[in-house]
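Note that the chains take the letters A, B, C and D in the order they are written out, and that residue 1 is the start of every chain.
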């Protein structure tokens, strides 16, 4: 009885809530074992709950607030794949950070993960907004965790972007809700092939605002800097945590609400291309990863924009795979950071001697992101490429994606392992990463390989399972496909070696590379310092207009009525007498002549 | 005398009685403060009983006197007032707890007068909350001004006296020049000033007269600190922190917006408001207030002043809510009144706790302090989130409702101001907690604690309680909103799709 | 002025009024205060003459006694305490007031057009209440002099008020001047008292005569011009004369200032007392018809007051008599008090008081 | 409180009450002048004033029951004889005079000892009673000339009474002189005006005059008479800018006189002006309306603003309050200028309210003057600590002056403002509001100094007023509060009075 009820309860509760709930106890966990139990147990329960979810029944769990129905749990195949990825990532992160004893960071990381998981499973705009903001709030602590002046400032910038995103979503949601009264995505528009994706018409009230909000979180071009700004400033675990959830949540939201929106194709295409240039010259390897993250998300956004069943599958699959291998890459860089204190390419090299396992896992991650066949990237990215290739109108896009693939291969697949673990010997001989890190990396690497070798496992979970199966059966392993990818790989490798050999590889800029970030990092202070004088003026005005009036009127009045002023000088009675005569004359004149 | 009348009478006389008793035992601080706490608890119980009765559809009413025909001192509780009373009385208790620590920690002079004035202020607040007509409201509204004056000038310094003068002149000046004329106008148009569901003036005035009255009444309630009548609020920050906390975040300023809400709901009514051009003008003014005050807050280094400017901005939210030609705006306003109060009192208590422990009152002095005062700054952080309107803080709901109502009534300008102000609040509030908690130690003038042992425990408990309340109310918003629904004659259950 | 006849009285009127204008201008013009006082005295005298010509003997009498008589004495006493000359005032400062006065005066002359012609029998003053008085005074009051009837009975309450005004003035002067150190108005040292022997002898003879005249005026008020006011002033003049000639010490020995004040107050008590007695006897205040109860009337020997069968007005008669007595007391005592107040307040005495 | 149910005296006594209210203080004045000692004079004064007040109360009750009371003096019917004619308006003002007079008389026991030379006490009490009798007479009389006589009765004595303040403040002498000159000008104007009216109508009885004036509003003499009367009464009522006598007289005279005059003197003159404006002169006469609209209202507004400002910047406390009195007269005139029943009713109510609060304020200052001879505002720093009850009573008066709710002053301002709004005179409404704020400013200054400032070191310490002062003081303050909560007594009278003048039923 109780077991049944427990199972029922588990099946009807948003899995994210378990993680959130577990997170609340983390700060109070004194012993390592309890901590480990919480960090891994929370996601584990969530996983159980998710797998137990009884199909796609709607409105499993609703709550009425202020007259709006909040759908707290509404799983379907789209959210399932994202949720699964998030839960796994959350567990990996938990394991990865076990060596640290930072209650704040652990608990907020878990809150963050929980909020992200919850976000993909809630069924309405308001709940989405709440979870959206929760991820923002919880994630900022990852940026703050190093506890330096720098990180505090970066955190503020990060938070401003995240909250702006949330506020745009809020504004859009409010506008949409007030116009349509509808909050549940499942009821907004007819589903595409039985699955509610791309439910929102861009012409709907507030839709543009919502899209902009999603866009910030997805790090659309021009508003992407928070990502490159914040991620490299985190602790070794922080970047791992951050890389897993935020942008992918945005991708999920874009897919859910805006799949098929043509703008997204182009935005995504641009996103894939432009980080390549920065990534190539960037010195800080974690920042390189951040750029590459941007680029990878571009693929997903592009796929969402294409919006066919295959494309949506591709986006979801790529997101899943990406979470794993990007986490793996960040973990390996985190291990390097943890052991050497830096991730600057110029300061590293030759670490494979003492950190073999880390090197191995990093290579798995690099292979995955490079979409080497039999690694997870290949399985996912192919689907996106095929989707874009399928539409002749998108040929240019396909070319762009191809170029970006080469680029990512170059900077993430080759540059990172090469500079960190091989390349010129920096002389550093750090210890191998701690066991918990290795374990997390190992699990992630195993997943990357598992998916790459046996894509059916992942494809099962994809939104359009049937389409995915067909793709697996007929397209994935075809020769041209595999060959094309291998060619790309080989030529990129050759190019890299050639350039390196001829010393033509662009030098890593040792300083800070500012792109549009300039606007925020330099422009904002300039703006504020330019505005501060008028603002202070404004403040003085706003605070002191009472004093101003007081000064003007009071001054005049004081002149007149002060004891020696003209209006209060003692009037001799003769004047009063004359006044009385004058008044008499006045009244007389009025009375007589009117 | 039935139970309802007795309850109202109790709510009014309890603070008075407490004031007298505090005066009597003024020489014994322990007894005095115990007495204050007992009174707080008593008043809270009474207020909650009234709250419950109103919820059961049995609103207490009481008529005390009728100086002139048609001009009665009368009380009649409605949901908004009951909520206001509960909020004020409960927070009085919390704040008293805080005050004990603060005042002792600072070794402040004239503590007996301080507690007496607080009790008297509660008397004013109860009267305002339960008033059955504008005249009665005005009566207690003025009383509140006068009894809080000694609190503003508590320090007795020339600066405090100057601030006190600004306080009095602005508040009473606006009352006399604007509010009272407005009341008289209402009386002469409608023949009474009784708060009537659906709007006393509805159908009795034309757009021009209604607009003038609305302007008079809204700006006359200068406690709502709508620009340009906001100057008193930042300058009143010379007062001790508990005063800023309870009065200038909760009781006094909320009395102002409460008056605005009451006027909107019961004197004009949503139907009339929607036809008045002045409502739109006020909305613009409020939007300006929201943004300008937030911008000014950015430039302030003094923590309490920064918070005060934020209050100016937040109060304009409620004023906006009252002016929206949409019934649900009123509910949003009522909710925001409460949620903001809880958050702002936390912030002020934190500021006080910092000051009492370290003597620091500037944002630039608090870097790294969070390591030694984690609870204070975590509470500060939580309350900051609430001010910005982020989940899981209750203020998110009111802001959400408010923005929805703004869009729903086509006032995108207000919505934009709300959004912008949220972002600005983020920018001026977050760095405070971040710098304290996450900057390396010794960033600012950390130094030794001025008071050995740091923040007094009672103060700490108080601010943690309210910080927690910010979160708890997030979950409890639904019953509160349902409770308030009658004031706007809307039911969320029915009107919402 | 319906008929442009140049009657004698008209010429006289014009002449007297012209004199008044000239006198008034002279008062304004002169800077010597002594001259101004004397000119004002003359002014009063001329206006009394003019009032006489206008057939208003009662008013003329009062004007002569009060305006030309006692106020001159008091004013003279006052200038003893101050400078003899008025301060020069720049003409520029007089322009505006002067213009205003001219303007208002012009308006007033214009307004005169609204008043009825002088002596018009159909004018409201002559046809309404005034006429009623003439018709009913004999019947109601029984007094031959209608003026006295009006003052004493019809408008007795006014007269009470006026008496009280005088008492108030008495109290005022006593309050301001009646206390504090003072030089006695003794003959200057070195001047032997018998130096003024003629004056003394004359004065000794005059004082009783003046008092007698005062009593005549008092009691004859019923029949002709006169009454308590004039009689009081005349009586006071007798006392003042005594003080001037024999020295203040002598006079105050006979009539102490306290006594004078007391008499002034008692005068009002007598007057108001009559009113109260009327009330007690069942009438209204000052309703003299109720002054005498039937019992008292019965005690009056028959025939003493004329034929008891004819309609009689004993109450009115006694009432007017009594109030006139009250007026006499208050007026004379007040005049004496005022005189006492001014007399002897030399500059030295005031300086001494200021030093205190 | 239902005035109709008020029987405070036997019917026989009630019938004579109007004249007794005048005659008793009159005779009392004589008795006081004859009294052997200041103490005896004081007792006579108290008793006479009390009887007068009692009679005024009886009259008020009778008026509410019977309407207008006519009392023929000498048994002659008007217009031949003089008659007292009391309506609700007169009953109200007389009641105010009686009440304030009684309390002032009680108060004088202590204050005179401190302020006036002992040998003058009996005469002082006599003068005081005369002033009171004069004012009641002025209010009750139905005869225009009789009113002049009583105007003089009430004034002549007070000139000297003001001067008696010289023991404490030498400036009382020039102030009294000023007062005398201006008062005389006012009275002269008035009597000239009455002369014009007599010439035009042949009667002095106001009711009769009103009847005969009905057709005479085009007559130049009537118009001139009007001008003289309103100008003369304007001086007496301290209509701006003819108020030059007032600040000095109130500021430098003895406390007793300041308080009594401030509470009653201008009220009586205003009352008389109201009688003429709304009763004697024909309704709707162009000159009357023009005067109200173009002279009285602007001057009232000017008084409110200018004199309030003068009060704001005044340095001496009593002078401040004296300026405030002129400003308050402005408020009352603003009420009058509405020329309707509600405006007049409000103005009457305001007069009562102002009388009570100003009396309380001046009495409190008098109580403080016993212990400290302070003049400047700063000298009163911190007196609230030394003399809490006195300060509180002063504060209540001041609160009423500002128009703080729950005081009579609030209801007074409320009524005038409501009447102004109902009459469509927005600008009057605005001036009222602005004036209230200015009032607040100067009262705020006083309160701040009295209650919140530390006394200067070495300054003389104030002492709590003696019981003899405190009791009447608290009664006055209490009345200001009581009528702020239950205003039915003055309200009924004011409304009935205004209604009878405008011949509408309330």
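In the analysis below, a contact is a pair of C-beta atoms (placed from the backbone, for glycine too) under 8 Å apart; a residue touches a chain by one contact, two chains touch by 3 or more.
All values reported here derive from a predicted model rather than from experimental measurement.
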The chain whose mean C-alpha position lies nearest the overall protein Cα centroid is chain B
Out of every possible chain pairing, which has the most C-beta contacts? C-D
Could you tell me the distance, in whole angstrom, between the mean C-alpha positions of subunit C and subunit D? 31
Mean-CA-position distance for subunit C and subunit B (Å): 75
Per the centroid of Cα atoms for each chain, what is the distance between subunit B and subunit D, given in Å? 44
On a C-alpha centroid basis, what's the spacing between subunit A and subunit C, in Å? 108
Going by residue number, subunit C touches two or more other chains at 107-108, 110-111
Touching two or more other chains, which residues of subunit A qualify? 584, 588, 592
Which positions in subunit B touch two or more other chains at once? 169
Strictly by the criterion at the top, what is the full list of touching chain pairs? A-B, A-C, A-D, B-D, C-D
Touch list for subunit C against partner subunit D, complex: 107-108, 110-116, 123-130, 132-133, 136, 140, 153-158, 161-162, 164-165, 167-169, 171-176, 178-179, 261-262, 264-266, 268-269, 272-273, 275-276, 279, 283-290
Flag every residue of subunit D that touches subunit B in the complex, lowest number first. 402-406, 411, 413-415, 417-418, 421-422, 429-430, 433-434, 436-437, 440-441, 444, 448, 452, 483-487, 491
Touching residues of subunit A toward subunit B in the complex: what are they? 64-68, 126, 129-131, 133-134, 136-137, 144, 147-149, 151-152, 155-156, 159-160, 163-164, 166-168, 170-171, 174-175, 177-179, 181-182, 205-206, 532, 535-536, 538-539, 542-547
Residue set of subunit D touching subunit C in the complex reads 16, 19, 23, 26-27, 29-31, 33-34, 71-76, 79-82, 117, 119-120, 123-124, 126-127, 130, 133-134, 137, 143, 145-146, 149-150, 152-153, 156-157, 159-161, 163-164, 196, 198-204, 212, 219-224
Residues of subunit A defined as touching subunit D within the complex: 557-558, 560-563, 565, 567-568, 570-571, 573, 575-577, 579-580, 583-584, 586-588, 590-592, 594
